[in-house]
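As written, the chain order gives the labels A, B, C, D, E, F, G, H, I, J, K and L, with residue 1 at the start of each chain.
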Amino acid sequence: MSDHHTYKTIEVVGSSPQSTDDAIRNAIHECAKTIHNINWFEVVETRGHVVDGEVAHFQVTMKVGFRIDNS
Amino acid sequence: MSDHHTYKTIEVVGSSPQSTDDAIRNAIHECAKTIHNINWFEVVETRGHVVDGEVAHFQVTMKVGFRIDNS
Amino acid sequence: MSDHHTYKTIEVVGSSPQSTDDAIRNAIHECAKTIHNINWFEVVETRGHVVDGEVAHFQVTMKVGFRIDNS
Amino acid sequence: MSDHHTYKTIEVVGSSPQSTDDAIRNAIHECAKTIHNINWFEVVETRGHVVDGEVAHFQVTMKVGFRIDNS
Amino acid sequence: MSDHHTYKTIEVVGSSPQSTDDAIRNAIHECAKTIHNINWFEVVETRGHVVDGEVAHFQVTMKVGFRIDNS
Amino acid sequence: MSDHHTYKTIEVVGSSPQSTDDAIRNAIHECAKTIHNINWFEVVETRGHVVDGEVAHFQVTMKVGFRIDNS
Amino acid sequence: MSDHHTYKTIEVVGSSPQSTDDAIRNAIHECAKTIHNINWFEVVETRGHVVDGEVAHFQVTMKVGFRIDNS
Amino acid sequence: MSDHHTYKTIEVVGSSPQSTDDAIRNAIHECAKTIHNINWFEVVETRGHVVDGEVAHFQVTMKVGFRIDNS
Amino acid sequence: MSDHHTYKTIEVVGSSPQSTDDAIRNAIHECAKTIHNINWFEVVETRGHVVDGEVAHFQVTMKVGFRIDNS
Amino acid sequence: MSDHHTYKTIEVVGSSPQSTDDAIRNAIHECAKTIHNINWFEVVETRGHVVDGEVAHFQVTMKVGFRIDNS
Amino acid sequence: MSDHHTYKTIEVVGSSPQSTDDAIRNAIHECAKTIHNINWFEVVETRGHVVDGEVAHFQVTMKVGFRIDNS
Amino acid sequence: MSDHHTYKTIEVVGSSPQSTDDAIRNAIHECAKTIHNINWFEVVETRGHVVDGEVAHFQVTMKVGFRIDNS
């Protein structure tokens, strides 16, 4: 077994009409459909759309990190 | 009709004793009283006041963007 | 009485399985056990651990500021 | 006459389907409709919208600086 | 009475032939002519003009924060 | 239909001997060959190669954002 | 032949119990298993795990750049 | 004697109604009451409180570095 | 048992005449004399002293993170 | 022949009434009068002067890199 | 006469036992001994040396900009 | 003797096929050929070239500081 691993990070933007935390969870769920080793996330930016003077969507840009298989 | 628009961003600080998301919503509501074309916001900084060892207010500094009328 | 005060900031990382706001509150409570003049906090970074495709912990790195006694 | 002046900067987003330079000029023209002492601009961010695989609009966020009247 | 307030920050550039602190004070005085709730400032950048090998003006770019009336 | 979407951003470097705008357009065209939902780009860095005292290539590093299918 | 190329950068985290340079080399080797045009890397962050008061692993986050085939 | 030393930095906020330099000196004096190896400081942020349109306090956030005893 | 922990980070500067990695290890060893839960470090800045045209000391500023006891 | 080279970067500000790209080319031409090994440039900041509501000059601050002779 | 100029910026560190403003003036005076077209400066960093619990020297790192002769 | 000194910093890029530390030392040696008062360096960026899936050169961009003669 190797004494070291390599990880990859991808950048995704999750969104939610409810909350910033929900936007994070939505993005993790979406990524987990195709990536099975997700270890961590890191928030890069928090933005949102406003419609008729109300927050329509929170949008959280985040890096998602996972171990490369067999690395 | 013009093929381009110009937007302006202002910086505001919303506050809330409940949550960071609530601080964002409070600031958007306050801005919407006088600005009717708000399109987006972007969080610049998240801070808070602490009183007697408890978070008394979450304070979220954010840029709020809106289209300039007739631009 | 002096006409000026000196403050110190420390950096802590709060965590919570529930929410980012809860991670902030947890860190403030932990700090308040030993520091009795906490005035403000400032979020430095928001990260989290992911286990089995779900957010296991939100982790919020924050500066916590308090007045130095008798300063 | 005062030996010092005070300036204000506002942040605007200019857009153009043609070029980034054109987006800058469009924003300056829009600002010049209501502000008559503009002295400088500074680019903060360059983004754009993409439609059908083509750049539909260049969007340049910029600070625009001008002297406050009678300052 | 509301349990939360909203603040606005504007960016101004103060100048002074004497000192950086004086440039800050000049900008606050200028802002206070039209804004009556100024609470804080934050220095963004310190620059200056040089003429004949001497500092002719210190120029301090700063954010100035104030509470929005009735917020 | 879901009430939220997830987006992904990738980072690419476009180049052009003509102009920075052309480097952006070249990168968008290259990405559009394999990605059909591109929504926006954001410039991260502008560099260039110099040969014999002339700009040989403008190189624009940019984030390109697109919606994940079925998200 | 085209007069311009397009490059892509991905972000990976290499690790090594020996050294930061070794962590970089490990990540490049791992990437080279599946990408055959790697041209450069750029260090984004250097961190590490500590176990029993010793550095257990150096972890280097880096952008790795390569030319897109046929671009 | 060791061929290397270890230093620690702490972050403090000095204040003064007079000047930014005075705020720095006040913070150094306060730190020197309990730390006897201070070597350097580095300004992180300059802010201030405004009361009745006048600068009431300059506040300078600074890192203060000192050698750890016997290191 | 609590479902969450709180961590603290301190900033130290390690030095070494040999290498940057050695400066990191020296700082971790020094910290481990008084802190028994160190989990991670993060490099903030790499500098060095030069004497007679040779690197006399590498100096690595780093954040060192550890769990607060009983948190 | 050495297996390594040393490069130097200088910072210049190019200007042009026409375009940002032209400001870059003007600065490269000016540098090439006295430096014969220029390899790359990197844009640091884009600003401009405004006169009578029109962009009078684009000003591009850039690092220019070149190999030190015989290094 | 050319319709554009090229400027160069150099980075210097001024020092003074009296004040930060004095450190800036000292650096400008030193530069003006050999450069006759200095136009502006921009503060990059403010640090200082501490000896026996007192500020021994303020040190201001600054960019100094001047027009290249005949450009 | 003057009670203050002025320092200058230049930015150089050292390279080495062996290690990042070696790239730093190579750059210091190269600078020391023409500058005799070098006091410190500070790493700005770490990059590298990759050839055939191996690190061909580590490239370290660094500021090098030295005292101006007779200042």
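Please note the rule applied: a contact is a pair of C-beta atoms (placed from the backbone, for glycine too) under 8 Å apart; a residue touches a chain by one contact, two chains touch by 3 or more.
According to UniProt, the chain labels map to these proteins: A, B, C, D, E, F, G, H, I, J, K, L = Dodecin family protein.
Bear in mind that the values here come from a model prediction, so they are computed numbers and not experimental data.
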Partner chains that subunit C and subunit K have in common: H
Partner chains that subunit D and subunit K have in common: E, J
Maximum centroid distance from subunit B, chain identifier (CA atoms): L
Identified repeat of the J-K interface (over half of residue pairs identical), from F-J, A-F or E-H: A-F
Angle of rotation relating subunit J to subunit K [CA atoms, steps of 5 degrees]: 120
Whole-Å separation of chain centres (CA-atom averages), subunit F against subunit I: 38
Distance from subunit L to subunit I - Cα centre to Cα centre, in angstrom: 23
For subunit B paired with subunit E, centre-to-centre distance based on mean C-alpha positions, whole Å: 21
Overlap residues in subunit D, where contacts from two or more other chains coincide: 10-11, 20, 31
Chain-level touch network, classified as line, ring, star, complete or other: other
Touching chain combinations (by label order): A-B, A-C, A-F, A-G, B-C, B-D, B-E, C-H, C-I, D-E, D-F, D-J, E-H, E-K, F-G, F-J, G-I, G-L, H-I, H-K, I-L, J-K, J-L, K-L
Sites on subunit F touched by subunit D in the complex: 20-21, 24-25, 28-29, 31-32, 36, 38-43, 64
Contact set on subunit J toward subunit L in their complex: 3-11, 63, 65, 68, 71
Residues of subunit K that touch subunit H when the two form their complex: 19-20, 45-50, 53-55, 58
Subunit B contact footprint on subunit D (complex, rising order): 10-17, 23, 26-27, 30-31, 57, 61
